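Presented sequentially are two complexes of chain A, the first with chain B as partner and the second with chain C.
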Partner chain A sequence: MSFAERMLRIDRRIIFLVIGLCTLLPLLYPVGLPIRISSEVRGVYDYIDTLPEGSVFLLSLDFDPASKPELYPQAISILRHAFRKNLRVIAMTLWVSGTGLADQIVSQTALEAGKENGKDYVFLGWSPGGSAVILNMGQDLYNAFPADYGNKPTKSLPVLAGVQNLRDVTYAVSLGAGNPGVEAWYVFGKDKYKFELGGGCTGVMAPGLYPLLRSGQINGLIGGLRGAAEYETLIDQKGKAVAGMDAQSTTHMAIIVLVAICNMFYFTMRRQLRRQGQIGS
Partner chain B sequence: MDLPFEVILGGWIATGLTLFILSFLYEDNPLFKLAEHLYVGVSLGYTIVKTYDTVVMTLILRPILDKGEWSLLIPVCIGALMLTRYVPKAAWLSRYAFAFIVGVGAGLAIPRTISSFILKQIEDTVRPLLAITPDGGVTFTYSLLDPASHLNGIIILVGVVSVLFYFFFSVEHAGPGKMIARAGIVFLMISFGAAFGYTVMARMSLLIGRLTDLIEFSDASYGRPTLWLFLLTVATLIVLTRRGSTHPPKQ
Partner chain C sequence: MIFLRRQLPLLITMVTGLVMAAQYYVPHPASEQLLTTVTKWLQIIGGFALVLGITSLFHVHAAKIRRKEAGWGYSLVLYAGMLGTVMIGLWHHGKESVDGAMTSFGWIYSYTLVPLQGTMFAILAFFIASAAYRSFRARSREAAVLLMAAVIVMMGRVPLGEYLFPLSGDLSSWILNVLNASVRRAILIGVSLGAVALSFKIIFGVERSYLGGGKE
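This part shows the complex of A and B:
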């Protein structure tokens, strides 16, 4: 058996180990590779940054713990930015399995910013219906969410003063890991009730959302952990996403090298077999 | 700083389940099965409890009992018709509920989807390939990095036309048609490559997330669960391998 053949039949667990080490070592010993800010992430940041104090900002945390590594840092960064700008934050989720995580994210960030529940922000929780909840909120927010996550009647909350439906929202961002998510917020929300919309999503979903970005249907897109790291850099409050960027770059490099080596071995073996006359040209 | 007991316990459970799931990379084993079944059970249980609390208690019972909103019984009755599926003789009643859901769903989704994804995207695809300046001249922007440049507009036009032609099977892909179809394949491959690259990035992000937590839980304030549970997992895998009690996944 030739060297190329042996390498192509290598135990896959060795490859897992290599990828594992390439991820673990940069996390333990970060080098701080530079992070370039993309225009799509800047779109969300700039819009929030220019909102006047007291504007109504809606953040829909449409994900569950399975997408936490990518969307949790995005949510934390956006909330920190919104609280820093003294916006009135309305948080909610369209994913029942993400309710607890969303509550934890909002409460933790609000506590850190010294914001008061009901006055500066509200977490509405989850309401059944998926995309239909957006339509319901577009007609009457209090009908979709009669009470917040802590069972306080939403009509009595100072943070919602003057807010009757989605037309009263200045800016909305959906951090989505699937459906319902960013697309649903565009189709049933922005397109009908005419508020500005930004998006955040997992890396898997990002290519599918670029057409919405290009056509101006969303004004910015935060894609995956990379997008979260860019947002953390923009608000100058580095967290888990920036910490993970060295590992991300290293693993990508390792994968590129592995793909190149595998192809090299594959073509070497193919040439050997052709010389031996075992396969046709 | 002493951490609360529930935080430490949560750290131990999260670490253990992460390591049990990752142990599948070595081979299928009972620890992985335990974590997998716990994941399914806990997430389902959580969903049922949250749904019951929000739907039955908050949105149905409280408004009816506290505010006398009896009109809510109409959607409750329509929803209850779904349960007739379990009674064969009355199963036909569930069709009314399904008809209602399909009708409302289609009515809401079709016009909005056509407007958002078809009309808006066509509008964006058909862009001017040149720009006329106020003095009557013509400009053409070349930047590949600017999504709105005219060069990118031409690339998108060629891509859309060639991919659509590739999926047009009524004409044989021969001669000039073959060239257009081949161009369509190239655009499709680039698209698949970009999607796969993003997928790899997303999967690596998940690994980074778990490893970040494992590093955090290796701290002495948690009692170093990462270290102890890693040793426990490795020891268990060695014992299981030696006993030959691990089985390949059932087909």
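This part shows the complex of A and C:
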């Protein structure tokens, strides 16, 4: 077996070690390279920033703990921004396994901003039905969520004064890790009930949502950890996403180098085989 | 019996499908009231689907344990984990915290589910890197183009890549916004047309697989 062949069949534990080190070292010794703001993320930020005080802002945290590293910092940044702008925040989730996490995110950010539950914000929790919940909220919010996560009747909450259904929502953002998520909020929500919609998603999902962005079906998109880091930079409150960007930088570069090495050995091997006449040109 | 098994479900599907398709275009209050009622029913059915799913899961694993199939011990763990979590969850009315204090249900959620799901997702990075090393090769012109696009997008999405190759950010944005968006849109249009066609087939009783098997 030639050297090139041996390298192509390298023990995968060596690759795991390289990726592990590339993730760990930048977290221990951060560099803090500047983060360029994309127009996709700025779309969400600018819209929230121009909303008048007291506008109704709906945040749907449609993810579970598996997507926490990417969507948790997005949710924290958006909520910090919304609370800073004194918007009336309605938070909820369409993913049952994300309810606890969503509750933690909303309570923690509200506490930090000094906001009062029921008056400045409400966490509605989860309701069964997936995308049907969006339709039901569009018809009658109190029908979909008669009580909030703390079992308080939603009709009596000052934060929901004047809000009957999704038509009364000024801006909604869905942070989705799959289905139901951003697409469901467009198809069953925005298209029928005519509110402005923004999206956030994991890195792998982002390319799939660009058609919605380009056609104006969503007015902005926060994609993955990079999107979260951009939002943290925009609100000038750097957190876990900015801290993780160095690790993501080195990991991406490590994968690029690994792919380049793999191709180098692949072509070397092909040349050797061609010389030996084992494959045609 | 055939009427109850076949004809009645087909009739219900057809009437419901046609009425709800028409409802979208009728803004009359009665039409809106119909949608409100139907969506509430959808939520209720969604709740039952959850019960059905859990029952089915229990059934599958009970059979595994009974027959002592390979890996039946994992089924026991699933039983213990699920029953334990359900009981503790019911005890705390499904609340992870009460007045800011974490319940034992919250403890299970925060210290088992969150790290376990996080770990599952995190190990993907290692497998993706390993798979990329083994299979991402420029075997043909098309593969070489895909490889170049991937490298540019990977560089353009991280600060270090933009620092080393300043054009990568704009190039990556162009690839995502123009090439990727147009291809995705084409796929979306195809999928949507397929969904419309399938809906018509279901409404008019051409596609009947949702009725399940069994005797006529």
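In the analysis below, the second predicted complex is superposed on the first by the 281 of 281 C-alpha atoms of A that agree within 3 Å, B and C clash if a C-alpha of one lies under 4 Å from a C-alpha of the other, contacts with A are read in each partner's own complex, and residues count from 1 in each chain.
Here, a contact is a pair of C-beta atoms (placed from the backbone, for glycine too) under 8 Å apart; a residue touches a chain by one contact, two chains touch by 3 or more.
Computed from a predicted structure; not experimentally measured.
Peer 1: Answer with first, second, both or neither: which of chain B and chain C does A:146 touch in the superposed model?
Peer 2: In the superposition, A:146 contacts chain B only.
Peer 1: Who does A:255 touch here: chain B (first), chain C (second), both, or neither?
Peer 2: both
Peer 1: Thinking of the overlay built on chain A, is A:240 touched by chain B (first), by chain C (second), by both, or by neither?
Peer 2: first
Peer 1: Should A:180 be classified as contacting the first partner (chain B), the second (chain C), both, or neither?
Peer 2: Neither: A:180 stays clear of chain B and chain C.
Peer 1: In this superposed model, does chain C or chain B come into contact with more residues of chain A?
Peer 2: Between chain B and chain C, the winner on chain A residue contacts is C.
Peer 1: So in the superposed three-chain picture, is A:100 touching just chain B, just chain C, both, or none of them (first/second/both/neither)?
Peer 2: After superposing on A, A:100 lies in contact with both chain B and chain C.
Peer 1: Have a look at where A:10 lands relative to chain B and chain C in the superposition and call it first, second, both or neither.
Peer 2: The answer is second: A:10 touches chain C but not chain B.
Peer 1: Figure out whether A:136 sits in contact with chain B (first) or chain C (second), or with both, or with neither.
Peer 2: After superposing on A, A:136 lies in contact with chain C but is clear of chain B.
Peer 1: Between chain B and chain C, whom does A:36 touch in the aligned arrangement: first, second, both, or neither?
Peer 2: So A:36 only meets chain C here.
Peer 1: Figure out whether A:266 sits in contact with chain B (first) or chain C (second), or with both, or with neither.
Peer 2: In the superposition, A:266 touches chain C alone.
Peer 1: Please write out, lowest number first, the residues of chain A touched by both chain B and chain C across the two complexes.
Peer 2: Shared contact residues on chain A: 16, 19-20, 23, 64, 68-69, 96-97, 99-100, 127-128, 132, 135, 192, 203, 206-208, 211, 214-215, 224, 226, 248, 251-252, 255.
Peer 1: Which residues of chain A touch chain B once you look at their complex with the stated criterion?
Peer 2: Result: residues 13, 16, 19-20, 23-24, 27-28, 64, 68-70, 96-97, 99-100, 125-128, 131-132, 135, 146-147, 151, 183, 186-188, 191-192, 202-204, 206-208, 211, 214-217, 223-226, 240, 243-244, 247-248, 251-252, 255 of chain A touch chain B.
Peer 1: Please output the residues of chain B touching chain A within their complex, sorted ascending.
Peer 2: 25-26, 43, 46-47, 50-51, 54-55, 58-59, 63, 108-109, 112-113, 115-117, 120-121, 123-124, 147, 191, 194-195, 198-202, 204-212, 215
Peer 1: Okay, in this complex, where on chain C does chain A touch?
Peer 2: 24, 32, 35-36, 39-40, 42-47, 49-50, 96-97, 100, 106, 109-110, 113-115, 117-118, 120-122, 125-126, 128-130, 132-134, 136-138, 147, 150-151, 154-155, 157-164, 169, 173, 176-177, 180-181, 184-185, 188
Peer 1: Spell out the residues on chain A that touch chain C in their complex, using ranges where they run on.
Peer 2: 8, 10, 12, 15-16, 18-20, 23, 33-36, 38, 64-69, 96-97, 99-101, 103-104, 107, 127-130, 132-133, 135-136, 138-140, 143-144, 192, 203, 206-208, 210-211, 213-215, 224, 226, 245-246, 248-256, 258-259, 261-263, 266
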